[in-house]
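In the two complexes below, subunit A is the common chain; its partner is subunit B in one and subunit C in the other.
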Partner chain A sequence: MSALANRGESALPAPDGRVFSLDLWWLPRALVLGLVAFAIFGPLANLLLWTVAERWYFPNTLPLEYGFSYWAKVFSPRGVAWESLGTSILIALLTVLFALALAIPAGYALGRLKLPARSLILLVFLIPQAFPNLPVYVNIARFFYDVGLNGTIAGVVLVHVTHGLVFAVWIATAAFAAVDAELEEAARSMGAGALRAFRDVTLPLAMPGLMASGIFVFLESLDEFTGSFFVGAPDVTTLPLLLYTAGAGGNYQGASITALLLLVPSIAFMLVVERFLRADVLARIGH
Partner chain B sequence: MRERLTGLLLALPAIATIALLYLMPLIASMTGAFETEAGFGLGNFVKSTELYTTDILYTLMIVSLSTLIIAGLSIAIAGYLTLGENPKAVAILRWLYRWPLFIPFIVVGQVLRTFLAKNGLMNNLLVAGGILTPLQTVSFLDWRGIVIAFVWKQTPFVTLLVAGAMASIDRGTIEAARNLGASRLRILIEIVVPQVRTTLLVGMVLSFVTMMSVLSVPLMISAQSPTMITADIAFRINAYGDYGVANALGMISLAMTMAVAIVYLRLNLKEKAK
Partner chain C sequence: MTDAAFLAVSDVTVGYAGTTVLDRLSLGVDRGEFVALLGSSGCGKTTLLRTIAGFNTPRSGSLTLAGRDITRAAPDRRGMAMVFQSYALWPHMTVAQNIGYGLKLRKAPRSDIAARVDEIASMLGLSGLQARKPGQLSGGQRQRVALGRALAVEPEILLLDEPLSNLDARVRLGVRHEIRALQKRLGITAIHVTHDREEAMVMADRIVILDRGRIAQEGSPEEVYNRPASPFVAAFMGAENVVSLEGSVDGDRIAIAAGPHNRPATIARETRALATGRFQARFRTEAAELLPAPPRPAFGDQADKASDDGALRLRGTVCQTSYPGGVWRHVVAIGAAEVSVDADQPVEPGTDVVLRVPSSALFLFDAPEDGAEQVSRAAA
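Entry: the complex of A and B
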């Protein structure tokens, strides 16, 4: 590693006397970056190949035949993909509505108002992240079975809301805390009611953070497997459950196409997340 | 006083949801672990250890190993992002490492199941490159596959946390050590990592808990015995409707995460006492 200090050595004097800089350090750098790129994109490339592979078996390096016949099968009018996609999106939208309806008032109270036992309440919203949640899903499914919520969309939505509420409340709290309280006071002193001041001043300013928490809850719901597996299956089929069933049945093309559908929104969010979660909001999460 | 009451009322629906749909089932799983046909007792735990001791140790080994590898890789990546001197290479790495950040575990399971299989792209490329013959290829779909899946998915998350912490430490000490001729590796280990230790530990504990509760990855990559506790819990319920043993196994995984959390809190307290 001490050799890194001598990077200047590769600067060779060119014939005309000027210093011609050839950075030999690009060799190890390119090698390591190439390995990282392969570790990340290799598996993803494998997935893409499977979505268009008609025939592919050992020991052929690449598929023997390419085509879109599995896409046609998965998305045929009688195929299960459309139905699962619809179910998944419906569940995710309901989850966002429900979670934000709970998280916006709670986040406002935690971020702006004087609250007794504030840190205890914030801690309560942290517990679901601090324990493995599988035992919880198992017992929720048992409870839902008794009250007739097992195998219903409402049951799955409730499980996803509980899971998403943790992030929603923490992000909403940070978003409201980042809005200057004096702006709301100014609106109040000019005669606006409490609700009007909230709706016209505080809410729009907190909106980017709330949007981020909404998108996050949407994605968490879209991707959730364990809770849906215990509460929803086999009556409610979301995309992750469809992926699991297809994969377990050896239908790698079907599973890969479903996986690709789930992959696109996840990667899109990864690429834009910083536009929604500004640094001043991020810095307040957990305070 | 009015403000406090309004605040509580606003927060109440969210608290009630967590209490009803999270805390209640959590308590039910704790009491359920001790419910046997012969009344309250340790029967479920006896049965769990008789049937699943191997899987319990296997789970502990996989999750601990993954956590250590994740920590090592995230220090390396975040360290290069902080100390790297070539802006182009730093930018490329920053763009690269995040891709798996939001990819769901179930997709990670499917992607790596095809990639690591005996006829997966990894082995095929090694064969095509003349490094292996087709007969020498091995499937990685056992504990190694699970570890690779966990590391693949969780490293970006811990790196994001650690790189954020590293970016906010005082550059002065780094520059001073650099001027005195210290190598970048030494600066990373002796100056940078100790200052971000708390963040690194938080990331490791969060990853440990997450991996302890993932069901899809063990189900998709290696569901045959030995497997992880999560797959056993699902099996007890789907095959036997045996909530007693499932809850006892759940308690065992809770106990493991509690142990990790306690170690973390102790280290934290020691640091504060300094």
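Entry: the complex of A and C
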């Protein structure tokens, strides 16, 4: 209350020290904030309602009956939710491992390059994103079918890696570029070989950025649908595929509960990223 | 010297993408010697140091350390330790970890590392700071940690890349002497890069002055200060007053002809390399004596034969007087040229004066074809 009042420009302290003034700016501000909140949380609220709705149909604004029977169904021992959650996490972890195994050396090399060359190569990494996803994945699926990767976890991981590598390399490059080359030279000068200097100095200093890179790849993999659908379905069922099946079958409760499951790691990791990623690393992305 | 030198740099050429930074440079450093590489920015001194350290590979030429060819050896296999201008301390390690890192690499027992770190910390006045991270230290303390980290591994050669340039002036003066004393006490060979003339003079056994990728002159501080081999070195060592003269060389005497602003003089040639013709004369602000001008006729014909005491006498007019502290500084116009001269007593602007420059403080060079002014500017 007093914090709000203090913003008033013509605020005059009364003799007893309290401030009497009304800041009229809070009205439009509150309105805009409310709208933004609605745009963000409206759909989420709807999703939350669906997870506990037993019966809900048009033209009713709110569910007619509340309950957790769908939760029980989704998480029942015979339900597919647990299995697809496990599959999704396994795929995401493998994708992170694979993507980082490529992104760490690539990012290190790119991070040590001079600027114009670095930007150019990073731009090249973006080119795959310029093509429409669907035809690309259809073709990948066709090719994977020929080599026997279709419907395997390895196949889905590969697709997810191609998708996540751009982010992984970009962020890793920024992370390594933020580590002064002289710090590594100092280690060399003290007698550390190239690998040792990298392990002791460059890698720990780039670690927050690399963690962020890994988290982005993890989340991308967890959410990825198109590639998983063409390459994995129906043998490999990830959470988004389960969500799609449930939603397409009119099972909004099942879809909403799955979506909620997907939301948990996203929010958790976003909080972690926010803590770990330093501003100077973020500032170097794409530079 | 180069044959028996502890570290020998022979005919080394270094360049980056099309430009040549070091041009067939040779340098020998003896064991236990403190060598300063002195030059203005862009002269190649840091490149030379980085080449010695192994961070640059020469295009041609070779480097040997105690008879061993190290031209292509990795930086970690040269037995050298470098102190960087930025200090390059590892921010994720404590002071103790920074200093002990080299010993850890050498697989020293943990107790030995701790003992050595404590010893170095107390030697450098860092006791009690071992558990801090570099971010929590002052500039001077960081500089000491960087030095301690390099000393901990007892390198064969200590390489110092302008380690004092980021310190404020008062700290810097003290650290100069500390580093020098430490180097002498430990008997380390050191190569120190700097652009600060005084720093090089105070710290080094031998100064190597670099100019555009070549060695302009090398010698003891006293040598390069008193017997500069070129106008560039003279200017760099502070002889920034330039006057143009005519004269002839005759055996071991140099006869300076009378000019519009100077009396004739005959001085000993000593080690000066000169040819008859136009000279460029250089002298320091404090080297000239400011005398009252004799009345006009005295500077005429009969004076030509008189008082030839091995010094150059220049006639000019004081045009500015200031007090920078200690002595009065005068800007004196000699024809079109302006020179600075110190004197104990102020002289009013507008006064005609005679400058007396003794032979020992007068540096004479053959006048360059052009660009004499550029040389003095570059060194300023």
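Basically, the second predicted complex is superposed on the first by the 254 of 287 C-alpha atoms of A that agree within 3 Å, B and C clash if a C-alpha of one lies under 4 Å from a C-alpha of the other, contacts with A are read in each partner's own complex, and residues count from 1 in each chain.
Basically, a contact is a pair of C-beta atoms (placed from the backbone, for glycine too) under 8 Å apart; a residue touches a chain by one contact, two chains touch by 3 or more.
Since this is a predicted model, take the numbers as computed values, not measurements.
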item: Combined model on subunit A where subunit B meets subunit C, clash or fit; value: fit
item: Which of subunit B and subunit C A:L205 touches, first, second, both or neither; value: second
item: Which of subunit B and subunit C A:D180 touches, first, second, both or neither; value: second
item: First, second, both or neither for A:L219, with subunit B first and subunit C second; value: first
item: Winner by number of subunit A residues touched, once subunit B and subunit C are compared; value: B
item: First, second, both or neither for A:A130, with subunit B first and subunit C second; value: first
item: Touched partner set for A:V161, first subunit B, second subunit C, both or neither; value: first
item: Subunit A as apex of subunit B and subunit C, Cα-centre angle in degrees (nearest 10); value: 100
item: First, second, both or neither for A:G191, with subunit B first and subunit C second; value: second
item: Partner chain in contact with A:L35 - subunit B first, subunit C second, else both or neither; value: neither
item: Closest approach of subunit C to subunit B (Cα atoms, Å); value: 9
item: Touching residues (chain side subunit A, partner subunit B) in the complex; value: 1-2, 4-5, 7, 23, 25, 29, 33, 36-37, 39-47, 49-50, 56-62, 102-103, 105-106, 108-110, 113-116, 121, 124-125, 127-140, 142-143, 158-159, 161-162, 165, 169, 219, 222-226, 229-230, 240, 243-244, 247-248, 252, 255-256, 259, 262-263, 266-267, 269-270, 273
item: Subunit C - residues contacting subunit A, complex; value: 53-55, 74-76, 80-82, 84, 86, 88-92, 101-102, 105-106, 149-150, 153, 159
item: Interfacial residue positions of subunit B with respect to subunit A in the complex; value: 3-4, 6-8, 10-11, 13-15, 17-19, 21-26, 28-29, 32, 85-86, 89, 92-93, 96-107, 109-115, 118-122, 124-125, 127-128, 134, 137, 152, 181, 183-186, 206, 209, 212-216, 219-220, 230, 233-234, 237, 243, 246-247, 250-251, 253-254, 257, 261
item: Complex contact set, residues of subunit A against subunit C; value: 180, 182-183, 185-194, 196-197, 200-201, 204-205
